[in-house]
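Please find one structure pasted underneath; my questions will follow.
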């Protein structure tokens, strides 16, 4: 039973983080391998505040979201000047630099040793100490994330995002300031990913930089793609598949290091397979068609 | 100081070789072939497998490893990229597929060989020689020599022969190349072979120099990519200049701030160029949007 | 009738090719100006400069008296100039109706804060815009296809749709790039009919076309361009009979 709750919590956290990337990559078409950086910064900000300032959960999550949103703007602004393939490389660069800072600024972040002993979250006098309690919290946060995403996607704002994805030039000619939209979507996406990171930090109660590498970014992107980019429920489907599938390996009784490799091979393989035969993913609508290229 | 220069030259040589190997594929196939990092790694582990597991003589192992690495790159093109290209896959889809391929291959290597750093024993610990006050090992010297050889080979042999012209034609205008009878697929295959050949050689040499890990290819590839972007036009001269520039920045930053900041320096340099001089050092300024 | 769009001395070079060579023209309110000339004459380049996608090396463009030479494209649309594209741009994946709705200006729901803090205002405007959009689609015979993805329309219908999008933007000036090129006669008539009715709605039109019959039928005035320069200007009749023009075509 505890195990089931654990799986559900992980699915919830990964749903949150991939819903946020779906807004950026799936709806607006800005493929980014920087998402683990936003996720990680959220986790670290909350952890550092909880450990060093003993500040309450709510304050920590708000600060985490704000700081990560700022980082999101920093990543979004170059998207205005750098075109598609090169922009992906730029997000890669951001991701690596962020990881490097988390890993090397030992005095602040604990470096490779990480930050252990993150306390249980306390909301309105209620300390959340059981898996079930945490699941309820994650469930609520997840629902909030989905609601925000849904509201955005069904609004005229969301319509502009999709238009940007399909034809930037037409969208500009339609009078939309695409620069503003691109930066904003990164800000929101980063903020939402940070919230997921905070959940992760409190849940595992120990974080270290190895959870927020380029590989993690690619994993999150895979969830979005395999689940179905540009669809509201795509990330949910993706999170369920990509969290559950490797867990099934446990029951075959492989040594854990091999299982870890196999887990990655599975989602790597799924990524290749889907790209070859069904780029839309399970539920998706966006198949990553060649965008208009600025020459 | 001499040591610093020696380090810079050696580092630049490695970066140059990886950069050229990547650029040959990138300029021809027009997408970021991330799995190239796994090809680099495969050169090293191939040699390990042939020499340690099959106990073949070193020369044979080296040759087979390079052949295997070349073959791996070529297989990826045949089995994955070519069919996708036939289906009209965009560069983005190809990039994502190649990410997946990298993950599969790297983890495969991890599973087969383990994650620990391996060394190719049987190759005597290369004695380091002292040249002009700097210590360089035999393998490092070999790499530098190889880099120079490849540079001249690229400029005088590849670029000016039929093959080189075909590669360039396909790179500049795929549609035109197809029409003018240049065998598109074959040229693509040649690009992948050349690139993978160089890549596995570099991976191999790295293993001889400092050993190998399953993830060694990725940071090497990234530096090569940075050099290609900085260089601007994928040609040997641009990549060479950029490699020296990059290696200098990295080694100096590492010297001043500690080696753990070397990677960050490289990527900050990359971001800087992408933002303020996207055409690189030698590239032509990009034209504005064609509307 | 006042001058609404005024271009003076525009210069634009691409890799040594002089796409616009000291090009000037002015358009008066309510007129339909035709821009004709051989391929590569600089007509679309002029549109790109006028709509903000390209900045000229020298020269100015003013719109209702304000300088828009270096204004970005979306701002120019906000100010009241909209355009269509020679290679027909639309958001193909979304519905016909959504393309039109996208083209309305100042929809409060396009501001993020309103999405969450003033949803009602955005919904209300969306509702109003829908009515106008459906009316426009109805007037041009596309109402049946309102919910179909734009990519399912025929080429001619798509061109008509891009015209409707310009109307939805409530622009004062419309720059139409080859609105009837490659279209069957019946649809051509429909599009030309719509264009003809624009001045009565207070709109001004510049159109690029190779179809000289269309130009003769619809335009009040014509400019003939070649190699980036204005070769002839006047009524369609005058330009057609201009010896310079005839010479260029014979070349």
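Brief remarks follow.
We just call them A, B and C in the order they show up, numbering each chain from 1.
In this section, a contact is a pair of C-beta atoms (placed from the backbone, for glycine too) under 8 Å apart; a residue touches a chain by one contact, two chains touch by 3 or more.
Computed from a prediction, not measured in an experiment: that's the story for all the values here.
Among the remaining chains, the Cα-based centre furthest from that of chain A is the centre of C. Comparing chain C-alpha centroids with the centroid of the full set of protein C-alpha atoms picks out A as the closest. Taking each chain's centre as the mean of its C-alpha atoms, chain A lies 41 Å from chain C. Between chain B and chain C, the centres computed from C-alpha atoms are 48 Å apart. Centre-to-centre separation of chain A and chain B, using mean CA positions: 30 Å. Annotation for chain A: residues touching 2 or more other chains are 169.
Within chain C, the positions touching two or more other chains are listed as 53, 85. Residue positions of chain B touching 2 or more other chains, listed in rising order: 287-289, 291.
Listed in rising order, the residues of chain A touching chain B in the complex are 31, 78, 81-82, 84-86, 88-90, 92-94, 96-97, 100-101, 103-104, 169, 214-215, 218, 221-222, 225, 257-258, 261-262, 264-265, 267-273, 275-276, 279, 287-291, 294-295. Considering their complex, residues 31-32, 80, 83-84, 87, 89-97, 99-104, 106-108, 110-111, 114-115, 218, 222, 225, 229, 260-261, 263-264, 267-268, 270-271, 274-275, 278, 286-291 of chain B touch chain A.
Interface residues of chain A, counted against chain C in their complex, comprise 148, 151-152, 155-160, 162-163, 166-167, 169-178, 184, 188, 285-286. Residue ranges of chain C in contact with chain A, taken from their complex: 51, 53, 72-75, 77-78, 82-83, 85, 89-94, 98, 101-103, 105, 107, 109-112, 115-116, 119, 122, 126, 165, 169.
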